[in-house]
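Here chain A shows up in two complexes: once beside chain B, once beside chain C.
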Partner chain A sequence: MRLDPSILARIQFAFTVSFHIIFPTMSIGLASFLAVIEALWLKTKDPLYLQIYKFWLSIFAMSFGIGVVTGIVLSFEFGLGFAPFANMAGPAIGSLIALEVLTAFFLEAGFLGIMLFGLHRVGPKLHFFATCMVAVGTLISASWILAANSWMQTPAGVEIRDSHLTVVNWRDVIVNPSWPYRLPHMLTAAYLTASFMVAGVGAWYLLRGKHQSFARRTVSLGTAFATVLIAGQVFIGDLVYGTMLKHQPSKMQAAEGFWEKQSQSPAPYYWFIIPDQTNQRNRFEAGIPYLGSIWLTHSLRGRVEGLRNTPRDRQPIMGVVFYAFRIMYGLAILMFTMGVVSLWLRFRGRLFSSRWFLWMLVFMTPSGIIATLAGWYVAETGRQPWVIYGMLRTVDAISPVPAQALLSTLIAFVCVYAVFISAFLIFTLHIIRRGPAAAPPHADASGSLKNAFRPHVLDNPARVVNRRIA
Partner chain B sequence: MDLPLLSASFVAFALTLYVILDGFDLGVGILLLFQPAKVSRDHMVDSITPTWDGNETWIIMAGVTLLAAFPIAYSILLPAFYLPVILMLLALGFRGVSFEFRVQTTRHRRRWDVAFAVGSLVAAFMQGVIVGGLVQGVTVANQRFAGGVLNIVRPLPIISGVTLLFGYAVLGAGWLKLKSNPSVQHFASRSLRVAAPVFGVLFGIGCIYAFNIQPGIRSQWASHGTALSCLVVLFAVVAGTLTALTERGRPALPLFLGLCLFVVGISGMVLIVFPYVVPFSLSLWDAASSSTSQQFVLIGAAFVTPVVLAYSAFAYWIFRGRTPEKGWGE
Partner chain C sequence: MRRLGGVAAALVGVLFFFIIVGVFGVRFAIAGLVVFILGAVVVYRAFPAEGAEL
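Showing the complex of A and B:
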């Protein structure tokens, strides 16, 4: 069998970037969650918040660590697998990522040590500042990287001068047409991810009858955040849909599963299709009548545009885009339902006692991660065959590296990342099984900046014991 | 304003900081392999835990600045060093996750310590291989990499890899002398007694070998002969002092001398490579991206780098002094 370097380079990038995004999604969400929890602790002085903080901090630390080391890989992979892409796009996206490193990575890294190990060296207030800096760092980082990726989706602000790409307007590069919508979409996705994780773990403890106060507080917080966020996300998602329909119609045509230039009227909403890309038709299709017209055209009998509107050599593969979109959208509907149900149960005072609902929350623990991954598959596979939409085709962007080298490093990545994810899951489950009680609180909420300048006072165990919260 | 020169200086600055800062982190990791006592291994890792992430970030800074300011060089060098870069990244991955995973388990901590040490060792070796490969030269045709991925499996990159391994071990031992308890300090002194002379000798062998196989170096020697010979003498003197003073002197001295060795080494490398960005075939002006990108990155760097340095220094200062016996968290 002859190996195709372009396929291997793409699989390698898809694999490493998919693996990577799981962890920033968690750490963006958890960093802000931790900042909120520490603020609540400082305000209320309730040690339960410190317990929640310490519990989720250890899971945050692991996800952050994996996010860092798998992220470094990506910053070099543009050149390793896609040298012609790096050569062309470097002046635009390289600059954005350089600013990301300067304004975000260093900020996160500089304050991460204090956040993880500094609580009783610097005192709670400066420690809270460190937590906020890490959380802000994750937001800045997301803003730059979404600017870079959105520029690949909807490039703007550049021109080609003697076969080199030149940026003519930085504002247009950064605030490109899709960035203002895709950034809040991703951030909300990260917050939803954290909310469902927090609520899911709390629900598990409630079902087991363990760590009651911790569990009640986190289920309450998690479902409350999730309810507000999913309501916002449905709205933001609709804006993203509209933007992509305008700037990258082929992606949305593939996502809806229609082939004909104009679908039948009324259009159904497909949930299951077997697409036949070669013959430009579906072998099988099943959906809910009328719903396609209602959702996609906001009328009862409107027609939806199909993929044949896009020339064949510019079409993405329909199956991948369609199902990735269905997974994301299906999970969003589930999340929305969970939000509404949680409001109802909260109102009836049964949020902590409805076992079926708690079980649902447990099953929804990874829902945010899966939905986010699926969303990124829509974005990235739906952009194909382009790597920079309308400017550079993916097949023309592959490095001069032999297929054997690509294959062996792909296998190496799969093996190493399998070790990482297994260890992460084992240790996370271990932390969950051990429970929050194993994270002893050891600093009260009345510290000041002064402690940062006199850490030796706090190093004295006798003083520390006195300051502990029982 | 010569923007490409400024961008190249910023890349060199970021790389220097990376080599120095992650150098002692990786060095501590390498020495972990030779430390039999579990308590001491914990102590060694604790000494670098709060600050390693910021140290590692400088390599990303250098990499993406290269991408933004010298995209042609980036797209030649990464395919050229495909295998060592990927092995380095995987090794850095193992090293990085081991920080988090080793504290989660007592039963299997030893395994994660091995992952930590081997990760540090492989990362250090591969970085040396890349340096050696750069000096050896990269095959370029039509502004694309035109060589094979196995071109780096030659004597010079291998010598350079082993040299850097010992160099980082020197920095790691210096760091431990400064930051750890007496028992680990003693271990650090013993490590220095081996690593410092070996590093010095290997470095010398590498230089002589490189001089013999790379005509580019000979021509650079012709133009910067005085400066380069001063650096060689300086390196020999500092390496000798370091070897002689492993036991005596202040605890900060070995780290200081180790850093001096690296600064001298990097200065020599800059003199040899300049004005190339892909050594001996592509100058930094030929590889530069348009001036708008150079300006964007440089203005950002001018404003943000001082702030970055300030709070990084603050983080080091928060965790100053000897590493507590039970780690920083307790």
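Showing the complex of A and C:
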């Protein structure tokens, strides 16, 4: 069997970047959640908030660590697997990635230690400041990465001079046409991810009849944040859709599942299709009548443009974009429904006693991660066959690396990342099983720095303090 | 009555979703978003929920 290096390089990048994005999504969301929880603790002095903070801090720390490690790999892959891309795009996105390190990583590195280990060593206000700085660092990091990726989607501020890409306007490179919409879309996705995780774990405790106070508070907070956020996300998503329709029509044509230059009127909204890319038609399609016209054209009888408007050699693969978009959008509708139902149950006083709703929350725990992954698949597969939209094709961006080297490194990545995800799941499930009672609601100083890094102290510093006092 | 209430809540939810996704225009979408969020905050403040019986 002959292996195609260009396919292997793309599979390798798709695998590593898909794995990576799970963890920053969690850490961006959890960092801001922790900042809010610590602010509530400082304001109310309610020890329950401190218990929630300590419980989620451990899970945040693990997701942050894996996110950093798996992110470094991507920078190397640009140079090794996609050297022509790095060579061309380097003048624009190289600086953005360097700025991410200088502004975000340095900030996070400076305060992360205080956030993770300083609760018993520095004052509560300084600790809160450190938590806020880490949260701000994750936001800055996301801003630079989204600037780089959005520039690949909607390049601006550059010119090709003597076969080389030259930046003519840095502001246009950073604030490119899609960045102002895609950044809040991604940040809101991260906050939603954290909200559903928090609510889902709380719901699990309520169903098991454990840790009632902790569970009630986290279900209440998680559903409240999620309800407000999903409403904003639906609105922002609509703005992103409009922007991409203007700048990358082929992506949205593929996402809607229509082939004809103009669809029938009224247009249905397809939920299931079997696309035939070769013959430029659907073998089968099922949808809701009128809804396509109403949602996509904002009129009862509007027609939707299909993928045949884009020349064949510039079309993305419809099936992947369509189903990734349906997963993201379907989950958004489900999240919105959960938000409205939670409001209704809260109004009726049955938020914690409706077991079917609590089970739904448990099943929705990873919904934010799945929706974010699906959204990124829409963004990246919908941009194909371009790596820099309209400027550089993906097939021209791949390094002349032997297929064997790519295959062996891909297998190595799969093995190493399997260890990462197993370790993450084992420790996270252990923390959840152990429950918040293992994170006592105290914040006393625990002693010397030397003693502080001993495993049993990290595990339970307050216990050490109490033993000493005793 | 309880079922009717649930159906009414679902219809309000669908209506808000349609407004917020911009079906009736951006101005309505912004207004719908603001009303939804303010409404949600009012419910949170009026019904803190943690005192509810299990």
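Keep this in mind: the second predicted complex is superposed on the first by the 441 of 470 C-alpha atoms of A that agree within 3 Å, B and C clash if a C-alpha of one lies under 4 Å from a C-alpha of the other, contacts with A are read in each partner's own complex, and residues count from 1 in each chain.
As a convention for this text, contacts are C-beta pairs under 8 Å (C-beta built on N, C-alpha and C of every residue); 3 or more make two chains touch, one makes a residue touch a chain.
All figures in this text were calculated on a predicted structure; none of them were measured in a lab.
> May I ask you to decide whether A:319 touches chain B, chain C, both, or neither, giving the answer as first, second, both or neither?
Touch partners of A:319: none, neither chain B nor chain C.
> Quick one: is A:113 in contact with chain B, with chain C, with both, or with neither? Answer first, second, both or neither.
In the superposition, A:113 contacts chain B only.
> With both complexes overlaid on chain A, does A:431 touch chain B (first), chain C (second), both or neither?
First partner only, chain B.
> Considering only touches as defined above, state whether A:287 meets chain B (first), chain C (second), both or neither.
neither
> After superposing on the shared chain, does chain C or chain B touch more chain A residues?
B
> In the superposed arrangement, which partner chain does A:91 touch: chain B (first), chain C (second), both, or neither?
first
> State whether A:234 touches chain B only (first), chain C only (second), both chains, or neither.
A:234 contacts chain C only, not chain B.
> Just checking: does A:220 make contact with chain B only, chain C only, both, or neither of them? Give me first, second, both or neither.
So A:220 only meets chain C here.
> Return the residues of chain A at which the contacts from chain B and from chain C coincide.
Chain A residues touching both partners: none found.
> Can you tell me which positions in chain A touch chain B when the two form their complex?
Chain A residues touching chain B: 58, 61-62, 65-66, 68-73, 75-76, 78-80, 83-84, 86-95, 97-103, 105-114, 116-119, 121-122, 161, 164-168, 170, 399-402, 405, 409, 412-413, 416, 420, 423, 427, 430-431, 442, 452, 455, 459.
> Quick check on the complex: what are the chain C residues that touch chain A?
That would be residues 5-6, 9-10, 12-13, 16-18, 20-25, 29-30, 33, 36-37, 39-41, 43-44, 47-50, 52-54 of chain C.
> Per the contact definition, I'd like the list of chain B residues that touch chain A in the complex.
Residues in contact with chain A: 49-51, 53-54, 56-57, 59-61, 63-69, 71-72, 74-79, 82-83, 85-86, 89-90, 92-97, 99-101, 104-105, 144-146, 148-149, 289-290, 292-293, 296-297, 300-301, 304-305, 308, 311-312, 314-315, 318-319, 324, 327-330.
> Across the complex, what residues on chain A touch chain C?
206, 212, 216-217, 220, 224, 227-228, 231-232, 234-235, 237-238, 242, 294-295, 298, 333, 336-337, 339-341, 343-344, 346-353
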